[in-house]
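Next up: the structures, one after another.
You will see two complexes here that share subunit A, one where it goes with subunit B and one where it goes with subunit C.
After this line comes the complex of A and B, so read on.
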């Protein structure tokens, strides 16, 4: 068990180090997410009256699109010099590779969200301190990356992989998007905890289901 | 195909044809017109069986995907791919017949109701499945990757259904199960469901046979090239 954890962390740390030294993914995706926010501002002209209807949608569309871009890179970086083959040659269970990669993609996406969210709240003149929004972001990001890491590995084997990842990914994460948008709307309206429980439960259920299923099927995606 | 297989095949086609004629007769002549919504309600007898077949088809994809990954027998992959194709066609027809009916009954082509949204999401999932099959050229890799998708996609169905159900709902559905249909309507619906189920099996069997022939031809070509 402890051996497994250290292997997962080794793969995770490899991705983090690579990102720290190249600073390729996070910076660009961060700028992209901010641009999506700005573009939606023109598209919807959120004013005080319509704010609660429009704001959660803007935030989650930005996160979803940024997430797809980030997930595309999770396994793309392993393509050069057959790095994935090298990774698979390591004497470890493929599901540990999945967990290491998952930890990495979760961290990248969460880092971007943690920077974008305050900027979003400031730009739309919303209250800044929203601990419940943080919980929603953690649950939704876990859902996104649990499916996304699996699909990133899958799309890596396909022609037209850049376009196939969102086509595969978006229909599957529809429940997470719905739940995250609805829960965020409730947070922005300062509704009580009880109201958003259902949405949190859907996200928790989705996270558990896909963490288990993806762990089980990942070996079939990377074999051969 | 040997003689026995051919006999079975023609028996299935014959049964499907007879049931389909019976279903058409019942839908257009036997069953009384709905008093509230009029003649357009008759589309219901196609709409519901189509939806049922769509779901059945994707369930078959799910089961065959698991069987392929555990047994590694190409046969399961072929059936899964045939079933997914039929399922996407039937789900497209569900969306189209549903739109026609909605325009007449509700005055709108489309609404973001729970069942409509869930069906649309399902449709996208399996269109993606077929696209992946198209984009991967190597046989065993295609079988493996699409089997993973067949499992991951189907598991999403209950979660999507739950999420959109909580999100909104206005679809008439419960009426069938609460006994709101008069016996003649229920009988017609059952005949239609049986007829469409037989049609589904005919189509999957036919498509599977075709895919097997294509594979045979590819193999023969490969041998001659060597």
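After this line comes the complex of A and C, so read on.
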């Protein structure tokens, strides 16, 4: 168990180090997410009823498409120079590669969300301290990246991978995005905890199901 | 099979009736091959003969369509993780991360192989490939020849008993090839089994205890070095493959 954890962390740390040095993913995702927010902010007047209605959708559109951009890069690093073969030659269960990669995808996406969310809240003149929104972001991001990491590995073997990833992946992840949008709307309306429980439960169930499924099938995706 | 039993197995690699197909295309056809412990086998063949596919199957990267492959007595399909502890592969792709340093790359792969005394081992393997002064340089700034030497260090960091070399000289200039050959000699130990594919007939014949010629997925010729007419090996190769590659 300890050995497995150290290998997961080694893969995770390797990806973090590469990202710190190249800034290939985070910069592109961050710029994209901020652009979406700014454009929508100009399209809808802040503090209007329409803005309150569409704001959760804007936030999750920004996160979803920025997330897809990031997921395209998750296995691109391993594709170059046949590094995935190098990883597969290591005497480890392939599921550890999945968990290491998932930890990296989650961290990158969560880091972007932590930067983008306060800007979104300021643009909408909303309070900055919304712990319930943080919970929604954590649950939705976990679901998003658990499926996304698997599909990124799958798309890695496909020729038109940049196009195929969103086509394959977005229909699967729709339930978690809808739940996140609905729950975010309730948080922004200051609704009580009880109102958003159903959406939180959907996200938790989605996370558990897809973490288990992706862990089990990852080996067949990368080893063929 | 436990460690003691596998240690008693006579062959490092046993291949029986191995075939590998990609759709309708048969890359390997009914291959039988036994490689002894510490033996150096050189596999020749024209492009598309199936050399890389054979190495991929033997090194667990690709599953056989039919037939059996045992590495150190272990069936590669039943416990590939156990097999991977004992093998390593140097290919024309180095598997290295350009934006990590030589040290970081070796440390990463060492961790993935549970290498004990990792610091000491990293320094030892980097000394064997004679790249100590470049230990903290990023791999991306090294020449292709140097990267290939780092790749050899990566491959031997867990002291594998079987080393697969798939055209390690591809894309290297003659000077780098000479350097690489020296490095390969330095990692060559009597107990290490080596299976190498190459297009370089002269060097291959010099390095191997046995040569195998593969053509269209089949072994068409094999002989031990003592039985080979080294002077006329080029003609032998041509007669079996119909090419002068």
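Here is the rule we use: the second predicted complex is superposed on the first by the 217 of 224 C-alpha atoms of A that agree within 3 Å, B and C clash if a C-alpha of one lies under 4 Å from a C-alpha of the other, contacts with A are read in each partner's own complex, and residues count from 1 in each chain.
In this text, contacts are C-beta pairs under 8 Å (C-beta built on N, C-alpha and C of every residue); 3 or more make two chains touch, one makes a residue touch a chain.
These numbers come from a predicted model, not from an experiment.
Chemist: Report for A:205: first if it touches subunit B alone, second if subunit C alone, otherwise both or neither.
Modeler: first
Chemist: Touching A:147 in the superposition: subunit B (first), subunit C (second), both, neither?
Modeler: First partner only, subunit B.
Chemist: Which partner does A:223 contact after superposing on A: first (subunit B), second (subunit C), both, neither?
Modeler: A:223 sits against subunit B and subunit C alike.
Chemist: Taking the superposition on A as described, I'd like to know which of subunit B and subunit C A:18 touches: first, second, both or neither.
Modeler: Only subunit C; A:18 stays clear of subunit B.
Chemist: Check whether A:91 is in contact with subunit B, with subunit C, with both or with neither, and answer first, second, both or neither.
Modeler: The answer is second: A:91 touches subunit C but not subunit B.
Chemist: Which of the two partners, first being subunit B and second being subunit C, lies in contact with A:81: first, second, both, or neither?
Modeler: In the superposition, A:81 touches subunit C alone.
Chemist: In the overlay, work out which of subunit B or subunit C sits against more residues of subunit A.
Modeler: B
Chemist: What is the contact status of A:160 with respect to subunit B (first) and subunit C (second): first, second, both, or neither?
Modeler: A:160 contacts subunit B only, not subunit C.
Chemist: So which positions on subunit A get touched by both subunit B and subunit C?
Modeler: 223-224
Chemist: Quick check: in the complex, which residue numbers of subunit C touch subunit A?
Modeler: 59-63, 81-82, 84-85, 87-89, 91, 93-100, 104, 108-109, 111-114, 154
Chemist: Considering only the defined contacts, which subunit A positions touch subunit B in the complex?
Modeler: Touch residues, subunit A against subunit B: 147, 150, 154, 157-160, 164, 167-168, 170-172, 174-175, 178-179, 182, 198-199, 202, 205-206, 209-210, 213-214, 217, 220-221, 223-224.
Chemist: If we count contacts the way the header does, which residues on subunit B are in touch with subunit A in the complex?
Modeler: 69, 121-122, 124-125, 127-128, 131-132, 135-137, 140-141, 144-145, 147-149, 151-153, 155-156, 159-160, 162-164, 166-167
Chemist: Which bits of subunit A are touching subunit C when the two form their complex?
Modeler: Those residues of subunit A that touch subunit C are 3, 6-7, 10, 14, 17-18, 21-22, 77, 81-83, 85-93, 223-224.
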